[in-house]
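Below is one structure, written out as structure tokens, with a few remarks after it.
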């Protein structure tokens, strides 16, 4: 049975911490390097329900995509909900390790898993990592469809292939326009519009798009409109958990570690219901 | 018929520019102070479709909630979509005036109109303006319901009373929990969670909520969960156009200006369709 | 007849926008890329009198050296004098394009034109652009005189050869000292004294010199005094308008565009008169 | 005979150092607090010629308006021209004391002396010091003329009453416009245009005005043009030396110190000659 | 038996967290607000030896003067020595609470305890807290001796009365000079010299003084030399642990909590030995 | 007899000023480049006693390691203790020159002299200067002992070989641990712990170590403890004066300058006495 330090060395080889962004906070959050590891759980968010799932499962290590503390903390007291997670984990001997932007830009990484879930062929990174001579690492992915789909059809595919959420998928664009190429980026994609425009794709699928960036992206060049698909942040990153689990399984086999590797079943998208608009009876409203 | 400078003086009395946030850009964007004004159009977004609507309508003045240039520009060339709006407006003698955070915090303001659309009783500002001795100005509103509704019922009301959009309303929380008090804030509400928690309300309705702020708000205190409602940014601010148009109508009557005041019928929410999740056949996915 | 976008492409080839300083604001300020261009006016300053001159002349494009908006603006309302210029230009279909520090450092550029007006032989840039392998681009020019002149004679030449202004030329230095080499820089030269001293020239001709930089430059090394000549900012940059007009004429001929290219006759130096000191009768004053 | 520390205490009472701007560097630059003082020289600039004048005169104390080191130095080595001044002064037992922005804003201060030299009646400070309940201290002065003069006549008066310099006075404005009120500010006035416009005066006399601020001030409001007068920086501040010398004389009498107080005769304006423009024979130039 | 939240409320009443400096990190670092507390340990440093002492003692709460994390951390992994402390504490149900600059400036506070250990009479704070109308809170204390001591005698008293350390007390000053008044400040005192000089005391006792501040303080005014005493940082703050323990004992009695309150016996000064200089045989060295 | 400028050129060749840190202030502080130099004094600190020593000795040049003004000054008035030094030096024709971080990192430099005094063999720089291809320049030195010593023995050697001071040497670590390799750095070493740990040495000798850095360095990795030796700042840098004096002597011989070169005998360590702790009779104190 490997020690935590050995498993973390393997994870760091997949997602080297020094490839994370400067503002990011990746690596081991809690746990003893000398403890044994036999069971590992992968999840998107290190929240209380996921920590409880790890304890129930008897996991020795929880690996999440999102950091518990993105900004530094001076307290882990259990009076805070994040400190409560730390207490739960330490008291139950569950280590926590984070692979965030170093997993986003890895080869394969978060957006490769997303492209795979959507049955897309990856062409190249959306924002290539200039330090990768092979040109495969980087943020987001530019993808091609084997057979063009309409915007309406592509939305249906996304709604079907991504993990189900109450919020579903928001769509902007002419429903009959054809999508031949699409940029995808797991998680918040607000900041990537310059790269998306430079890529000259037909569409962009990501999460957490807000009114102003989405409106400006739509208005930017009326001659070459860009279709937008906005899914749940969690749903765009969950496919990576399966990918990562498979990667660790393969490593475990190679080393004869006999690890039991799981993927979290907890839906951590905060939105639990959706109400469709109805034609308002408000006089004068633009329906 | 009043001159533009007279109408703007009246608008500035409703929404004094020096009450806007320091980072905001309110006031007149284009137009000649000496031109006559007989027709006015109110809208949320100064985009191309709205400028065209103003021209078709024969409006002399377009008043929008969102700034055309929130950050300073050194060009209004028509090769940019914002510069194209400036050319359209100047060539057609349509002035553009913006009331943004000075309208958000006004009494009555954007969130009063939102509360009115939802049939809520306003109790006080969510973030009071410390310079208002009457305690009525400020960002957002803390509201009470005459009769408690469940989260499910309140979502249905929001979906029915707000202008219809393709994206509808996202909901987080126990559908059977009771909502007696609710904070509302037109537009992006990510930054207001501290004030919402301090207000001790049962729910928060706003727009543009992203994964991390929404998740953390839900996790923050499990003993007093906060229900969340996320509507289209445009839909939460459109009710203000009707309020503002009525305010200007009343001023026009008082001065004998005989203005014709309109509210835009253009839906400027970027999202034009929605695809609900279907149970995925992806093996192992958390449905 | 070329479209505006074609003419601007030609100007951008002469003065590539990415060679402007980071703080500068060059490029097209207003105008439609699809409008036709048959007449062009070059000027130093985009002020109201020059915009009126362009309209009177029937110009479709005004090219100025100084930006209209060096710092970003959020308004072009005609209640401001700069917004008034924008309205005049857009309503009369006159585009405005700016070549500022990208023209200063071009080869040939603003200081080449200034050197030419003064009948100086250019030796090299005063502050070379390190990205130019030919060593010809850069800020200011180090020049040689074919025949040495005294400071007094050089001042007389500058007063005669530069466009006439009410303020004339200010001179610092021994009137009988010889000028064999001189650094010249069109526009404000306060910040260039380190480079001037490093160049080891006998004199420096520029504009907008203030008391402290000029005094310190004079005091800096009493063994090798530097003569100074301070002309009107506008007068030092006007010769570039003629150079630039000739460059565009040549391009027009080459493309068969048949452009009519003009240079502004408007003096935009703010100083309109000069009063010489008289011996004061103030008792004790240093006359 | 007083000690240096006693004389400086008297000067600090006239111009308290804590009333200087935060970026300024006032107070004693060199000298021993215990040395005796019998002769004092006032000057605008602490340059080499002035230090030599102080030594020749046998002065024990030189008081200047401009700091020797506005920014901190880590060396006073005589290989620099400022360090040479320090060596000259220390070796000859001449102390150096600076009263700069604390003298600008004093009551009476630098601009009072300037107004006096121009025979103007001071109405109030241009930028009042908010800590002065009497409303007399502050930067610049707003002044009234007993009898209105034309711009041409006012320029002539300035050229006659200020210490003579080679550069004379630059003038902007309609020569026949009437000047009834004028703002004056000794030294560089570029940064004061907002206050000048707010004061609603007919004219502004100051020094070191550059092209862009002067042009923008002239263009700002064509309905109420502002006339500008730009004199030599040194000439606008020299009158203060006479005022300050008289103030110290009076203090010396009161204490029975028997000081001999002088005003420097050295002209430290860097400009030593002026060449008027002649009609250029440059074909096409705007004469 | 009180819950942790109750004990912390009592400690926060003694040392309100909002009285800590903005850069400080005080409050509860780990522990569950609902756990019971029966035994408390006070110490200066939250290091591994002290955490082990708390575990051995069966303490439920460790209160230290120094923060564990002064700057925020994104990890508490046990591979770091601070994370190891967190694991030890959480696994053994020992909460950690910090009172740092809020205890320094309290009334009574860290320097009161130091003064008490040295048998000094406290006159006033060295740097008074301007928000305390009673004038008793603040950083450091200005103290008087009942009977003057020589510098030599005062050093001997400090060496005897403070907890013993290998490094002892460093002394600067004339050994026969009299000490009537002394400023004391527990912990690093480098930054307090301005206040010490303003207080006009004969001596300053603190810790962690470095060459440059100490040398400059000695040189500052040769006419009124300041004697300096530099003790171990830990030794100057340890007396506060006894004071604080007594304060909590008194609170426990008042509430009938029956707490058992201890003071750490672990010396956490890093210096474990001292070697006196011997006359060097290095030729030419200044012995 | 050489002129000051010639001697300084020789010193600048030994310690090029551009190799000093960006925050440092090296070079000539006062003196006339044309004065003759026949006698030179080297010292650590440019304080009053050392300036007096230079005057007594008849030195024309004082070279110190520490800057007189590390931060820029706007005054050298003799009412400040540093200005008093400037007056003493200028009036007595003693130039002052500083070689600080450019001497620290030189080859040979300050830490080479320190290693030599301790009879250590220098292996490499502790923080190599990346611009030195030979790999010999840099901050601090990593050294080897010919024969291992215990911590106790090494402390005794340091106490014997360094110039004697009242404070002696502070020691942290197991007295019987063996020291085979040691990092040394003259002056304050607080900021070098990362490099020391990376070097993997057994011990670190430097000065001015404070509680927190020393404690954290000791706690950092309990498996490979680092012994610490803290000597007087002055004592760790004085050996460099002898080295530098020998270097200048050699240059003087080579040029036939016949300089007389001295090393200061003034002890400028501020600590003049030391009191060892005695077992306290304070009840409960950890003795």
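By written order: A, B, C, D, E and F. Residues from 1 in each chain.
Rule of thumb we're sticking to: contacts are C-beta pairs under 8 Å (C-beta built on N, C-alpha and C of every residue); 3 or more make two chains touch, one makes a residue touch a chain.
Note that the coordinates shown come from a computational prediction; the quantities given were computed from them, not determined experimentally.
> How short can a path of touching chains from chain D to chain F be, counted in steps?
Steps on the shortest route: 1.
> Between chain C and chain E, which partner chains are common?
Looking at chain E and chain C together, no chain touches each of them.
> Using direct touches as single steps, what is the fewest number of steps from chain B over to chain E?
Graph distance in the chain contact network comes out at 2.
> Can you report the angle of the rotation that maps chain A onto chain E, using C-alpha atoms only, to the nearest 5 degrees?
The C-alpha superposition of chain A onto chain E needs 180 degrees.
> Distance-wise, how many Å sit between the C-alpha centres of chain B and chain F, to the nearest whole number?
66
> Quick check: how many Å separate the C-alpha centres of chain E and chain F?
Between these chains, centre-to-centre, one finds 31 Å.
> Can you work out the whole-Å distance between the CA centroids of chain A and chain F?
One centre to the other, that is 54 Å.
> If you average the CA atoms of chain B and of chain C, how many Å lie between those two points?
Roughly 47 Å separates the two chain centres.
> Which residues of chain B are in contact with two or more other chains?
In chain B, nothing touches at least two other chains.
> Let me make sure I follow the ring: beginning at chain B and going to chain C first, which chains come in turn?
B, C, D, F, E, A
> Over in the complex, which chain B residues touch chain C? Could you list them?
5, 25, 27-33, 67-79, 83, 86-87, 90-91, 95
> Touching residues of chain E toward chain F in the complex: what are they?
My answer: residues 45, 47-48, 66, 81, 117, 151-152, 155-156, 158-173, 175, 187-188, 207-208, 210-212, 214-222, 228, 230, 232-235, 238, 242, 263-282, 284-287.
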